[in-house]
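Heads up, the next two complexes both have chain A, just with different partners, chain B and then chain C.
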Partner chain A sequence: MGFIGQSIPRTDGFGKVTGQATFVDDLCLPDMLFGATIRSDEPHARLERIEWDPDFDWSSIVRVDASDIPGRNAIFLEQWDQPALAQDVIRHHAEPVALIACADRELLETARKHVTLVTRPLDPLFDPEEALTSEIKIFGEDNLFKQIEIEKGDAPGAMKSAWRVVEGEYRFGYQEQMYIETQGVIAVPGEDGGVTVHGSMQCPYYVLKALTPLLGLPPEKVRIIQTTTGGAFGGKEEYPSMLAAHAVLLALKSGRPVKMVYDRAEDIAVTPKRHPGVIRHRTGVDREGHLLAQEVEILLDGGAYCTLSPVVLGRAAIAAGGPYRCDNLKVLARMVATNKPPSGAFRGFGGPQAAFGVERHMDRIAEEFGVSPLEIRRRNLLQIGDTTATGQQLKDSVGIGEVLEKVAEISDFENRHRAYQHQPAKERLRRGIGLAVCFHGGGFTGAGETWLASKVDLELTSRGGVSIHCGSVEMGQGRNTVFSQIAADALGIDLALVQTPPPDTATCPDSGPTAASRTTMVVGRLVSDAAENLLARMTELLAQQAGVQLDAIHYGQGAFHWEGQDLPFGEAALQLHESCGLVRARAQFVDRDGMVWDPQTYRGDAYAAYSWAAIATEVELDMDTCMPRITRVVAAEDIGKAINPLSVEGQIQGGTLQGLGYGALEEVKMENGRFVNYRMTDCLIPTAMDVPDMEVVIVERPYQHGPAGAKGLGELPTDLPAPALAAAISQAAGFRFDEIPVTPERIAARLTQGKEGA
Partner chain B sequence: MNIWMIVNGERREVDVPPMKRLLDTLREDLNLTGTKEGCGEGECGACLVLVNGQAVNSCLVATGQVQGAEIWTVEGLASSPEELTDLQSAFLTYGAVQCGFCTPGMLMTAHAYLRHNPDPTRDQIREAISGNLCRCTGYQKIVDAIEAVAKRRQTEPGEAP
Partner chain C sequence: MKPVVFQRASTLEEALFLLAPPQPEATVLAGGTDVMVWIRSGGFHPARVVDISPLRAECARIVEREGQIAVGALCTHAEMASSPLLREKLPLLAEAAASVGAPPIRNRGTLGGNIGGSSPAGDMLPVLLACDATVVLQSAGETRRIPYSRYCIGYRKTVRRSEELITEVVFPLPAPTALARWYKVGGRRAQACSKVNLAAVGALDRQGQVAFLRLGIGSCAATPVLMENVAGQLVGCYLSKEAIDGVIPAISRDISPIDDPRSTARYRSLVAQNLVIRFLEELVATATAT
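Right, the complex of A and B next:
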């Protein structure tokens, strides 16, 4: 029908191009105070006491420490381990310990200097490889947040019959989300002892669920409203719960609204980033280059608290073997604790790490066999009928072959790869090309979606249209526009009649977190289901009012028809809105795929549908300056259906650039447990000069239960550029780089080493 | 200290310490919150405004320095859907906006740049916006939008906004 598949300009665009869109820092409430956080300066210590300078005048400053917390001192998500404010023990640098608030920001800064944390240092644990056996205990007895083992077939046995066994080790660092709007919230105390939080966030219901036990309040006394959110990328998935907790504690103690908006330095220094770590591969291959057995070991550094880390590990483990057919696979994945700021969600969520490991490893296998990177992948790609690592049989919607062939053809991969193999060694400018493929499951893992039981409401408005209510947020990715398109088509009405108010837990049901590439695929489907339910409800009410049988009324072409009458949707909506008051219809998630999943063994249907992508990148490397310049990017992505092609391209281009940054530019450096480059000046992200125009191809292999066939999109493009870029730089340099980011410093070090070695 | 300036075509007077950042004066004293803060140290361009026609990061400028200056912010471009400038419309139709946080600064850069170079190549556009960070779009659609406007202005010369 009408709007799905069209490149509709974003429906929330007007406010964004005129400066009228209200981000949290644009809000200013009467009597508002500004809050600040007192943080530890050590990575591991016993906290003896907090010293508030007795000579300082604290009269206009509100002070909060752990003893002010009415409920349980924890930010609950996967575990209860992370306190809102440290008590007794400090487990990472910059851990929040106390809070202050004041109407005058200058005075607030002065006051901050009059607080001293009296501590006794403890030995810190920094090396994740030592975590399991260390005497230093951060989490439980073995510092293990989560261990996942996946076994399919008999990998050790099959390895013995392999023609050759290829081993490799792949390392990756932190990556900072670097949304341009820093984290921020405003907490407003209510007269009934409750509280309202306005803020930049992905998951209003996560904030709600974290605040209720912390405050000891019933859910109806805690209200969360999302403000226009200036980018998130996973970075605003769990941390807003922490920030909201702080602002709320100050607001409840002072009885006044409290704003907390981080400056860039604080945001980089304290908020969770992509997990660093190492992945080791051991792969048995037959004479034809087919994978016989894969053994993969993953070690990720979770930092001092659990956050979402177990779920990130799950994604990484499932994707560890790559989108390849292999009957014998063994994955051992571990998430360990160290005395560092917690790692957390970042677009891709374990996927980019897994893809980096397996894709670089496939390149290594190709090299050992003397075949091209394209050829080794062609021989091993998953196809319909094959089973994934978890034993899930792929039944349909598998576009991996198509995306790979498209990319190979457009980039002229084989010819260029061959040509660059034979370029003169002494040239100053050398070239390279790299390739990668990956898959990303849409929605929560396994039974996750059933457990979330997401809900979406559609409601008639006083303007004769509908509004969509659910907890999924717009964070730039296009939720408002896509939901409007889906609803408008399902109802057969004009786009202008659909409204998408921002999520507010008081009026919107929980549609699950805005994460896991699930918003279009899972929640979008619920929007269309809710539209059907709304039509049914309207039909029922109209039948009552007209005194006719239900089945006498039918809906089509945007109008209700019965007994010679034609009542357009808009008029019906107005009529019912006036006569019946609130008219709402709800849709709730049901598993239509018959998913079977065992969370203990990680066997079964991990995701209802997978999206597939391939990329080729070319670079020109200046051998004198060691600066790589990206000269070409070709990406093809199978996302089932592009509800809004313009927005899909934007997601792919933006996500791809984040992945390219991960591969060769972005580095958050850590010394003694603290991030040292916590400014934009030295914590770089790509500028418009760092990338050429990207060539993007959208492939549509529909998922039968997605809205119009749509699958997940958000994270897919970020998963795969890094290994392709590392491969391109490796070819240009004539050295293999298995650690990202492949920065000029790393290239220079390697080239010098190489020369000395030669 | 009393400081006056012409903001979006109107004479405004504020009483602020001369060292107060222009960014804060605009946001807090003049209630022009369209101008954003992304870093506070001249790296991101979210706070970019035009001062006497020059693109300037307002987080690096003291209000005292702009006494008597002419300042344009995103609010000066348009306030109703009918009045959108060609660049604002193109940012929407070409998909140059996602979260929108970089958009005000990006638009001001584009307006200033096209006046200075009305017929740029794509690479020149990339260079022109390289002081404005955008984490969402990958920049390509922003380049598309600016290029389209430049082309259209070439073929339909008129009063450039």
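Right, the complex of A and C next:
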């Protein structure tokens, strides 16, 4: 008995592999139109008017601009600053200004060329370092989306008594999610004046909450249905609200279904990416290499609109000091506005930037001390009883020491690191090894989960099983399989009896966004709670029908038992479905951890549970081509409990590869506020041929309130490969690289610095 | 958008007829791995397309004749990569073909298409230069044979006339003593356009002097380049350490790399130097070993 802990094949796998899964672009509705977006060609300008060529025949084309928006022209998320269609001012290149739709896609492309935006250029602001003081105002008076200060102890004071103070600056670029399925939706107008949206997305309720004020419609007239989603990685957290808004405006104006599916070039050019920026560290250390004081400054480039940036900044600020014990810490984190396409959510959500800064900095401290990167970390790792940056005391489920030691041992870190320090200088192939550790809190920050008050429903089906209803989506990460395993075990029934229909806001309660590594840990727990509530409800109904006392019935071994009767779950479910109609039970989030959190000061319990990870990466650097080949990766990750070990391993491998790409390959280049390599030919991510030999170790230090002890997993593996890879390349090259991606071009520039003719 | 006239030729004769005047100029379609991309996202709107893919019976052979190897224009990269004849007699070409794109592209993309497009990054082209290959151009009226070193005359500009079809490429067999190497440097390990690619063929004579040296390099100028300055400086010389180090200015004269979204001029220069030097050092090492 028991599906939890077993490597069940993905329940959605077969349909996807055999091409049966229906993606939004596979859907075709009668009378459907195709929509397209007219975008600005400037990073900052005053929009005087939109000129529709009077000599062009517009009769078969539906046209929409900001004046067609019935409600408030904003895509609501954290702020109301981002319009669905620009009005008066253009704040970034490729900003949507108008929309057209037509049944004929070729005509649509032709029509696009007959629209002219009449604009007056404004000076653009590109450098985030200048944002606060610039004369150019994009957001408020100071272009500051959010500032977070965290203070613990007395960092400036402790810094004075430090034996040595180590400083460093760490820079990182954009990263593109590159989900395999581009963004897409279909909007269908309803006869009641309402609208239904089918689309590829992570957060159906975000779309709902963005559309209702935009359209001025009550929530019951807006329905969002998730279609099979081909990857998301955070990239389908905020943007589907924008795309849905556009399709809906066209659908309402035309009275016909409207499909909008971006091609890859448009998708890369306009959708939010990982925030670029800079992190500066100043750390006071004592004679033994213990951290006495940490001062960290974070500056992230949010682009022209707020999106989820303040939340990303929060994650980065909390993780800025790393998983280390330090009684005196001061973090100043800022998210600023620039005239660039907005940055946004991406797996890790501020974590990869923070980890890159602090882990490269720990390497620098180790170097200055003459100890190994492993040793400096060993001396400073958090342990049970210590407090984090926000003053949260760690009570249990702290696997950081174990993951580090596992990685150190399996990768033979110390020996190799020492050996590579002494390799001959003139070798063509030089080697290096790097190490990193990190932590990632599961769920929304602080009181976020209480505020979300997520709900999950379990319902008996006509086939004698149950179906799980909630807003959390399957996007390739394994939600359907994991939820099925949890529900099957909680009910003591077979996996085949559990159904996981895609979220539909008309029938599924809001279980919060599919983000923040919360789906298994938080929503999975609700699935298990809902199962218990369902059993209680069934017991109640059976007792009524059998005319016995409630406590006369007990449930075990997949059956209800009373007075010598044994009624298997499936039969009971059929019987109740027959006799009572809809039988549904709900579970709602309750804070079992007694979290105390102050969002103003960022003091308190930031997360109910942390996951911990360590990684070692080894490279061979070809000094002729400056190309690193990653020869080996060892990753150990404490995720509480692997509900599905195969899935967990897959998540860790994929996330690690994404993190390695972030460290040394993936670069979205920008010139004058526009992305220049917006095609897959030039916007590279690793291929299967780039996957290194990877060893994954799963460590399970359970979180008592997670389902079977599970904690967050989705983002953790992406947080830490980049600094470890940068460290390995630095060792191999004999130069320190503190800016990612560490591309061959950057390495070459360093190696030839000062040399002429190269 | 104007409709495209699409014509499919079933024989070479028919293809040449369809391309010959007075018919208006047409775009030849072989594997389509370039043409389709240009149409889909490069703003390319051909008025007429002549599909030559059915010509495989006539134009997809790899044969040895009179001390030469002839490769049909419609040979795919996959066919070249796995051809036993090429692997034995012209492994450089097979190896370069195996480094193109990924399996789907290698299954469709052709040698003729690579030459037809003559992108500065085309992976077959340095090999053609290094092997002194000749492109055979056929039209209804005549057949022209043009060495690839005189074929591509500017950025994606070639001497091919619109009525001509590339039918095959002829490679003289390299001397048995020659060392041949293929180096491809892309952004990642597969499915990557070259940032620098180098096909190198060379041999030392019995005295240890350079008997001949042909280096074809790509992505380092507006066209693939035969490195004549390097060869001119080294042929007839001993490859001493000084001689090898002294070749760097000649390398710089042969190439004129630029910054573009794929890489930087500085990187390309450095890698071009390092790869040429690596080849010369290998040449010395192999000669010493035998």
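In this section, the second predicted complex is superposed on the first by the 752 of 758 C-alpha atoms of A that agree within 3 Å, B and C clash if a C-alpha of one lies under 4 Å from a C-alpha of the other, contacts with A are read in each partner's own complex, and residues count from 1 in each chain.
Heads up, the rule we're going with is that contacts are C-beta pairs under 8 Å (C-beta built on N, C-alpha and C of every residue); 3 or more make two chains touch, one makes a residue touch a chain.
Just so you know, these numbers come straight off a predicted model, no measurement behind them.
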### Message
Contact-wise, after the overlay, does A:Lys16 reach chain B, chain C, both or neither (first, second, both, neither)?
### Response
first
### Query
If you stack the two complexes on chain A, which partner ends up touching A:Thr687: first (chain B), second (chain C), both, or neither?
both
### Query
Touch check for A:Glu109: first (chain B), second (chain C), both, or neither?
second
### Query
Which partner, chain B or chain C, touches the larger number of chain A residues?
B
### Task
Identify the partner contact of A:Asn677: answer first if only chain B is touched, second if only chain C is, both if each is, neither if none is.
second
#### Entry: chain B versus chain C as contact partner of A:Tyr179, first or second or both or neither
first
### Task
Pick one for A:Asp26: touches chain B only (first), chain C only (second), both, or neither.
first
### Message
Let me check the overlay on chain A: which residues of chain A are in contact with chain B and also with chain C?
### Response
263, 679, 681, 687-689
### Residues of chain B that touch chain A when the two form their complex
27-28, 32-41, 43-44, 46, 73-75, 77-79, 81, 84, 88, 91-95, 97-104, 107, 122, 125-127, 129-143
#### Entry: chain B-touching residues of chain A, taken from the complex the two chains share
7, 9-10, 12-23, 25-26, 28, 177-182, 228-233, 263-264, 475-478, 646-647, 649-650, 653-658, 679-681, 685, 687-689, 691, 693-694
### Message
Under the stated contact criterion, what part of chain C meets chain A in this complex?
### Response
1, 41, 102, 185, 187-193, 195-196, 248-249, 252, 261-264, 266-267, 269-271, 273-275, 278
### Query
Can you list the chain A residues touching chain C in their complex?
106, 109-110, 263, 265, 428, 623-627, 629, 665, 669, 676-677, 679, 681-682, 684, 686-690, 744-745, 748-749, 751-752, 757-758
